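Labels A, B, C and D are assigned to the chains in the order they are written; within every chain, residues are numbered from 1.
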Amino acid sequence: MSSPTPADRAKPAPPPRAERRGFASDNHAGIHPEVLRAIAAANEAYAGSYGDDSWTAAAEALFRSHLGESARAHFVFNGSAANVLALDCVCRQGARAVICAESSHLHQDEAGAPERIAGLKLLVRPTPDGRLTPGDVARSDDKRGDVHYAQPGAVSITQSTELGTVYSPGEIRAIAAAAHERGMCLHLDGARLANAAASLGVSLREITTDAGVDVVSFGGTKNGLLLGEAVVFLTPELGDGFPVLRKAGMQLASKMRFVSAQFEALLGEGDLWLVGAEHANRMATRLAEAVAPIEGVELAHPVEANGVFARLERAAIERLHAELGEHAFYIWDSDRDEVRWMCSWDTTPEDVDRFAERVAAAVGAR
Amino acid sequence: MSSPTPADRAKPAPPPRAERRGFASDNHAGIHPEVLRAIAAANEAYAGSYGDDSWTAAAEALFRSHLGESARAHFVFNGSAANVLALDCVCRQGARAVICAESSHLHQDEAGAPERIAGLKLLVRPTPDGRLTPGDVARSDDKRGDVHYAQPGAVSITQSTELGTVYSPGEIRAIAAAAHERGMCLHLDGARLANAAASLGVSLREITTDAGVDVVSFGGTKNGLLLGEAVVFLTPELGDGFPVLRKAGMQLASKMRFVSAQFEALLGEGDLWLVGAEHANRMATRLAEAVAPIEGVELAHPVEANGVFARLERAAIERLHAELGEHAFYIWDSDRDEVRWMCSWDTTPEDVDRFAERVAAAVGAR
Amino acid sequence: MSSPTPADRAKPAPPPRAERRGFASDNHAGIHPEVLRAIAAANEAYAGSYGDDSWTAAAEALFRSHLGESARAHFVFNGSAANVLALDCVCRQGARAVICAESSHLHQDEAGAPERIAGLKLLVRPTPDGRLTPGDVARSDDKRGDVHYAQPGAVSITQSTELGTVYSPGEIRAIAAAAHERGMCLHLDGARLANAAASLGVSLREITTDAGVDVVSFGGTKNGLLLGEAVVFLTPELGDGFPVLRKAGMQLASKMRFVSAQFEALLGEGDLWLVGAEHANRMATRLAEAVAPIEGVELAHPVEANGVFARLERAAIERLHAELGEHAFYIWDSDRDEVRWMCSWDTTPEDVDRFAERVAAAVGAR
Amino acid sequence: MSSPTPADRAKPAPPPRAERRGFASDNHAGIHPEVLRAIAAANEAYAGSYGDDSWTAAAEALFRSHLGESARAHFVFNGSAANVLALDCVCRQGARAVICAESSHLHQDEAGAPERIAGLKLLVRPTPDGRLTPGDVARSDDKRGDVHYAQPGAVSITQSTELGTVYSPGEIRAIAAAAHERGMCLHLDGARLANAAASLGVSLREITTDAGVDVVSFGGTKNGLLLGEAVVFLTPELGDGFPVLRKAGMQLASKMRFVSAQFEALLGEGDLWLVGAEHANRMATRLAEAVAPIEGVELAHPVEANGVFARLERAAIERLHAELGEHAFYIWDSDRDEVRWMCSWDTTPEDVDRFAERVAAAVGAR
């Protein structure tokens, strides 16, 4: 292999393949061993492509068993695609706007994909804690039917939210009612739906199908998969166009069995989805409890899922980053010196305790 | 799990997870064991997400070692995305049309993704064997600069072609020259580039960088990966916008190390890409040689890579399908009773010989 | 005003505002005096904007009187928009491809707008004379329901065609039947629909509503308007989303009364649309009859509307262009030395006779 | 003509073609007589289409004389198109977001066209009076270069604003500097640019070219044209792709001379643009001065151009609407009982005085 070009030399070397455990994101963790085993097991034979295989059929059935017989699951590669294509599918011709929280992944972290790929317009609502209310749905009412104003066709909520908070089933039902009475659909970005169910102690169905959600982006990658998300239509007729949208949206896997097999592992007998989410939530609670008493650390939001949001002095943040590396955690809101610490299915109590000690030391060092 | 709904009952049951070896597609085969080992090896630790990891850096470097120091590789999930986003990136504002063969995957098998996702217009050329010529590039010359006519910004060729034929390095150079002198870029759909290099006995570089290709969709999935394709810019400044396009195109993997690690296995020391491609080509040649002498079988194109295209009586096709299942191979052109038989990195001589016997029997059964 | 910049000097000066009568295009002619009078008459008062005015209501009613009570007309600025937005509206989510003739304006002259604006894919059919057949509709049948292939949602025909030929009512009915039995809509690009009706001696309704057409782009600009086209849904439920599409498609006129008033003049009592079209057709016939006997002039297509397509020696074409200016007519197909001569609502017999003399002279001059 | 269908009977009849003078919008007024004369004058001969005519050349030259020799003007049909296509053109591949005011037409009144047609994402800033500040431009700084966040490629300001306020030249220069130092372009939505120039007593150039604006949407329709807007690139190299974008954006007029001739009348010797704008502004000031002293009427914003925004009791609004019709003016913000009264180039002092009396009566009637 040849020597690096000037461009390569300018770029900082990536960190070594050594241990980099941290709290930056639940997608820094790897693949759950059982998921990896399921991939290997699916590799034993030839299979039909594009979903024409028994693993896909089994994973689809598992979604029905969890979310109800009306559930229609389709697998895609990542969360951006799940959100964008789900909304593209349910927003009909005359109503291509989507009401969502200002903090939503859809608005902040999809790089404009909803607009670019699906031509959707986001109607963004500020929220204190990432949760929309029926009032947020009602806010466009005076422009209803006005051809000059982008008409909302869907409401999109995130469960658990980007700020680590959780909607109760009743809150979701109220938003669903507000959406439906205006002819809008309700989409749920469930990249961390498992964490919300674990936190509430309810089934997946109680906070989706039973609460009036029409379509869910069901996250796998952040809960131990190699990659894979599912778009699940709970109002099945809304999803009739999805297979074509998925293909034309460049999200149809040829060797789909290897995505489906992961979901089979996640949703099957061992309830891996729940075990992983409960564990991650527990670790976040442990971390919150460890840092809350530290003077100079203020929790920014209730810790209801697997994320801890805290405010601490800028100098302390910088000390932590200097000691642990930039990748140990992200600054969430630099204006407010707010950081985000995410726990994963494989975060250990030792990871948490060691990190909390570092935080205490960094804050106390002034 | 609950009992099947009426909709499920209507749908035919997928085939059992048993042996389904066949010649339908090189994406019916599974994951090469070394690739799977590379995934498992990459699972030992935490890693940065979205490509900020050492596996991605290593895989990028391997592309430079194969294609030259100017090569800039970016990983995406599938071939549709590689093609569409590569062309989206290189076709500038005023020239959003793409010249391609009528038989191209871009035109026949992307479900309109180039048009829908990137707003590109395809200018389709009929070809006898899937290969464009400089004359095909020149065919729009009289509309050059006409604001009413969609101006071509790129030419897209496929190597090896969808019809199992292969461009020589000189043929590619001639097309590149025709494109460049008109201010167009040259894109190469290399879902099966490895098979072409193996067939020609040349390096990857000789039929890409050295032949004037500006950007390649480099296929991994059909050559033993779980999933993964690379968009490789050989004229690097054309790819400056690609990272944003990839993210906004919903193709940025969060746990990217598991895609990159596969390419590391494919392109690294063992030259797995070449071993697999040579083998698949050899199996196709073996199959062609076995069926060519059979009366009632006519080869439709020269067998230059891993695909065999043949014409046989409709009744014989139906007998084969009845015996082996619809998934054993596809009818390529029903008007001409033409079938496609694809060989994979793991097709065995026994698979080939057994299948050739079945063909002989089916044709002879009239 | 300041002196010209270098860029201006490089650009050739536009021709003087003098007489430039010619046969280049029916959009080189001006505004019919009655149409201009209608604009002036509509200028006498304030009016509601965006179509909330009585001229628009009256023009909509005139379309119903011509095309039947189910007709729903919406006005847009130009023909590109009429075609693209009409097809955008009728092609549902899962079927975004459009079958059309290779010679169609949609394919040749919209600069990729169908692809870019509506994400539509064109499935282009070669034709001898610009007319599709039911067989062209059937040609994608073997890919029906294949998620990899862009599924056609509409067929688009042009009446009269870009080659000056005319579909009979029966031919349209046959195409409509072929489209409808496959679940596709039938769109008619009627930029010169008036010329076709005049040629056939039938009502507008007989070749649209009664022939099974679902939506028409009805041309005004080429038949004496300042500007203005109408998208008319004959299957009204297909047009429910159109008002939003038109606005979001940047085609909603604020002072719409000035577009509508022109259509009121065109379609009202004097049947200006028919008078103008009959005249233009007559002039084309006169021209064809004058040039047909000339040795060295060959008519390329039957002259059935207001266009004459002829082949003559390249040297003769050049002599004509040298004498009359490049704007006197266009070369239609430079490979075949084919030219196009269009007649307008205001072409005079003297224009025709003088031009035919010039042609004879140019051809004879060799 | 036939009798109305049920659907027609359900729809309320449009108001009679009688006098409907009011303050609802400056696009309820008609065509300035000199503009109409210019259209008629341009109708005397044949002319090249699509801008290949002397009126277009003359109008382009007039833009250069007003805005500087670098100005490159292109005509489109309406303001939505001017804004969307201008921004589409200047926002390069990697930076497709646009910073704009929450009150902007772009966000509130284009029905999602920026998102749908150009794939742009709007980054919306709340403002007290419709005017952005350099701080609004800086607000995305912490996400600069983050591939997950839609990167802004342009800032769009409106002059005069949708709230009837006006940016000073210095304020525009400061925003331009903030945009340019971040590599963004500055777009100005000048649907009412004439009113701003008239209000400030400066040339058009001082608040565009000289203030660092890169591209202007120059409004004609609201200042006395039948229809027509211009996209004027002041940084000319940014507009190289515009002719293709305009055509593919369905905004290229075939008989363009009739659009250009209007701009020739507007911008030519009589400075019609300025006369009309000064008059409209004067009428707005007259109206503001007449209603300001009325108890129960509160002006919502400084009256700096041709719009008056006022708050009055809901009951008074309803009395006014009952008396004068819904079309006499619009409720701007129903939550705050705020109305908008727009003056036009042809609003008369009598219109104003009569309306102010009605307002006083309606407010006093409680």
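One rule holds in what follows: a contact is a pair of C-beta atoms (placed from the backbone, for glycine too) under 8 Å apart; a residue touches a chain by one contact, two chains touch by 3 or more.
Since we're looking at a predicted model, the values are computed, not measured.
Set against one another, B-D and B-C show the most C-beta pairs in contact at B-C. Averaging C-alpha coordinates per chain and comparing to chain B, the farthest chain turns out to be D. Separating the centre of chain B from that of chain C, both taken as means of CA atoms, is a distance of 41 Å.
With each centre defined as the average position of its C-alpha atoms, the distance from chain B to chain D rounds to 50 Å. Annotation for chain B: residues touching 2 or more other chains are 96, 110-112, 116-117, 147-148, 150-151, 244, 247-248, 252. Chain contact summary for the complex, chain D toward chain A: residues 96-97, 108-112, 114-117, 119-122, 124, 142, 147-151, 334-335.
Listed in rising order, the residues of chain C touching chain D in the complex are 1-2, 4-5, 8, 13-22, 24-25, 27-31, 36, 39-40, 42-49, 52-57, 61-62, 64-65, 69-70, 77-81, 84-85, 110-113, 116-117, 221-222, 226-227, 244, 247-255, 258-259, 327. Touching chain A in their complex are the following residues of chain C: 50, 89, 92-96, 147-148, 150-151, 240-241, 243-245, 247-248, 252.
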